[in-house]
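Per-chain residue numbering starts at 1, and chain names A, B and C are given in the order in which the chains are listed.
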Amino acid sequence: MSLRLPKKPRRRWGETLLTLLIAAISWSMLIALLGVIGFLVYRGGKVISWEFITTSMREGMQAGGIAPPLVGSLWVATLALLIGALLGTATGAYLSEFSAKGRLHRLIELLVTTLAGIPSVVYGLFGLALFVVAIGLGASILAGALTLSLLSLPILIRNAQEAFSGVSQELKLASLGMGASPAQTFWRITIRIAFARLITGYVLAMGRLLGETAPILFTVAAYYLPAYPHSPLEPTMMLPYHLYALITSGTNVARTYPMAFGAALVLVSLTLLLTIVAAILRFRLKKHLHV
Amino acid sequence: MYKLQTQAVSVWYGTQQALHEVSLALERNQILALIGPSGCGKSTFLRLFNRMNDFISGFRLVGKVLIDGEDIYAPNLDPVLLRRRVGMVFQKPTPFPFSIYENVAYGLRLQNRLSEKLIRERVEQALQQAALWDEVKDKLKKSALSLSGGQQQRLCIARALAVRPSLILMDEPTSALDPISTAKIEELLADLKRSYTIVIVTHNMQQAARISDYTAFFKDGHLIEYGRTKDFFTNPQHPETLRYITGRFG
Amino acid sequence: MTIGAFRASALTIILMLAGITLFLFREGIPALTREPFEGLVFAVHPQNPVQKLSAEDCRALFQKNLEWPAVGGPSVPVLPIHLYNLERYVGSQATPEKIRVFLDSMAQVPGIIVALPRQWLPKSLRPITVKWSAWEALLARVRWSPTYEPLPEVGIWPLLLGSLWVTFLGLLITIPLGVVMAIYTAEFLPRSLYYPMKVLWEVVAGLPSVVVGFWGLVVLVPWLQKAFHLTTGETALAAAILLGWMTIPLMASLTEESLSNVPRLLVEASYGLGATTWQTILRVKLPAIRASLLTASLLSAGRILGETMIVLIVSGNAPVIPTSPLSPVRTLPATLAAELGEAPVGSYHYHTLFFLGLILFLLTLILNILAYVIAPSEKAA
């Protein structure tokens, strides 16, 4: 019996067309991104200067720079990351290395997933009710940082969990076999190997935190406070909120809009930088570990 | 007194029984080889002596496991301390991603009580005992991952030796290595016997015949036969043993 | 000790979620139990036979949308006086003395109705009861005007429907495009570009929403205005386009992961029978990941639902029930962001906003739990 191969099926070119179509659609996402960023660079690039980044605003918000919100954002985000990293990494370590993997473990994982889906504005509400009002911190760097740190917890916990689980089981067993306690194994072996992966996660989280607006609206952001904060119990200007203020309440649009473009460009550049650095780190790690 | 001894030890993982009433005893400075088909329980038996089975959920033990006359499953005995007195070498070399020196020093540092000078001495001694010193003495600070497979395994042996354990357990230590490295390690074991007691799991019967003083044959969780290696391979008592041995040799 | 500390951290997570739920309820439930006009007394002329009014009618009277006879009162013009329109009569520099004089003189007017704190109430006027039904006010009304005094309109439907409408429109963009990108990335993209594509997704997802909103305001909104001949381009559609685009990476990455995890046996069976790539995708892979597609859609919906800034900037901020994609709209999160800053802590407005927050929280909770139940291998972050 011979293999009578049929002529090329008619469907083929229809499929090629389909493939081309979805390729076009997929790459249009890149084009859209470039469009957004390019536009910002174009309009905002004219405004950016050393003075813009390092001096405070003048004439309302119509001239000068964005140093106070920039500094305020960095303060709050860094503090938030520290708190979140501590708590999140510890929880991730617990889930990955020390928990009995029973019902408590599954419950906590479910809760982490749930927390990840809560909108950032609800975290803002919670932060307002708890830190600002109930505990009495008032609108302050501390309240804002605490709120943001809660927001970052789900990401950081999962990051830590994956980082620690990714350390080869054999190495952990080798350490245990030598009489190291689980805690010693964690500190001497696991965390050292997972370190780079952890850092990547922190960088990524920082990028996200810098761009968050809703949680800081009621917990720390000041509308107009062109001074630098002296203590964590003071409110401060924040870059995303400042951008929003420039967009929506400028009476003199011709002057506030350029400032807004500048601020937007700075904010996007920061976020982009951190995201890309994290991506590169993770990429180089992947290559490194694939023995 | 025997170095190690088990009395009617049975082991379950959940509802699966892995060992059935195994009793044997070994004197010091002997090498005991554990052989048998896969899944027969020899690894489980090996890991009784440093309580590594504790990490597997559902693990349950009945019977007594004694080292130097002491019941190591007694409730007040800290398994972490036990593992510092019993060394283990795994099938796949598992060097830590540190320097060669730090790998060997790892166990010594766990106790935090030794001076740097003492640690250096012990590292050198351990590397010499593992027949690795000459090959690495000039590059102790280099990463352990830069060594060949055979060298890495000898590093793992040195690492285990550095803490001067009273008992060494080896789980198929040469099955992942080439013949030359295997030969080197077998030479090593003959030397080590003078100072240590060794229990080794192997699926290579020629190896068992070459290096061990006593051999134990396991099948389906039962200890079928146990005796001096010389007699074991030339005159096995149990028909199962005979069948297993000839099956392999033939 | 290490283990103890770590376990404590893990338990904090439980505390957190409990805390959030607790506070939302604690601050939100008063919207249902309290009255917005606490501390105020409503009163009318002693000859006015009206004893009780519903909150709706009372408000209508104050807004002069209703005449006295309709509620059983005399045929006289309505004269509403309350704290917030007092200024119109006495000027902004009035002394307490002047105010009392004014009020006493007004108390003679037969059609008067006042809402004043007890100590300002002219003795001659007779208090009436105004019935405020919180459930009805919140859940059965379609106007949102929470700062209207003394009887705010707190119907949540415009906001809720606004949120749902924007989410729906946004998903129309997110789901198809997300699936398309997932298919492309999983099946056709050259492997060397795989990683860059995923980085691209992460970059887009990580863009600050304020910035995207700003871009939308400057580029998209004017374009919509021109293209559809509108008075303003600030519409639900603008928000939906931007939100839909920003959520595509989430949908795409979840879907791509599922596509890559379709069991090899299934795929090989398909190819072994002579199916082409596309046939395998359409007939085997996509059906195989049906549950994951649903999960991913639910999670994307949750993400869009909860987004605040983009909506705040480009959707027109009109708390009315949307009638088309080109209507301006106001969503739940946008309302929270816009109004919380001005609501005094502990006021009725404050509690109403927390009530909104509670609803938003419960909505996203349900979406996420559904997603988890349908396909537990989640990655919602």
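The criterion applied here is as follows: contacts are C-beta pairs under 8 Å (C-beta built on N, C-alpha and C of every residue); 3 or more make two chains touch, one makes a residue touch a chain.
Just so it is clear, the structure is predicted and the values come from calculations on it, not from any experiment.
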| item | value |
| --- | --- |
| Chain whose Cα centroid lies at the greatest distance from that of chain B | C |
| Central chain (by mean CA position) | A |
| Centre-to-centre distance between chain B and chain A (centres being mean Cα positions), rounded to whole Å | 48 |
| Gap in Å, rounded to a whole number, between the CA centres of chain C and chain A | 24 |
| Intercentroid distance (Cα basis), chain C paired with chain B, Å | 65 |
| Where chain C touches two or more other chains at once, by residue number | none |
| Residues of chain A touching chain C in the complex | 9, 11-12, 15, 18-19, 22-23, 25-26, 29-30, 32-33, 36, 39-40, 43, 87, 90-91, 93-95, 97-99, 107-108, 110-126, 128-130, 133-134, 150, 153-155, 157-158, 182-183, 186-187, 204, 207-208, 210-214, 217-218, 240, 243-244, 247-248, 257, 260, 264, 267-268, 271-272, 275-276, 279, 283 |
| Residue numbers on chain B that touch chain A, as the complex places them | 50, 52, 55, 57, 80-88, 90, 92, 94, 96-97, 106-107, 110, 156, 159-160, 163 |
| Chain A residues touching chain B - in the complex, by the definition given at the top | 101, 170-171, 173-181, 184, 188-189, 192-193 |
| Chain A partner contacts - residues on chain C that touch it in the complex | 1-3, 5-10, 12-14, 16-17, 19-20, 23-24, 26-27, 177, 180-181, 183-185, 188-189, 195, 197, 199-200, 202-204, 206-215, 217-219, 245, 248, 276-279, 299, 302-303, 305-309, 312-313, 333, 336-337, 340-341, 345, 353-354, 357, 360-361, 364-365, 367-369, 371-372, 378-381 |
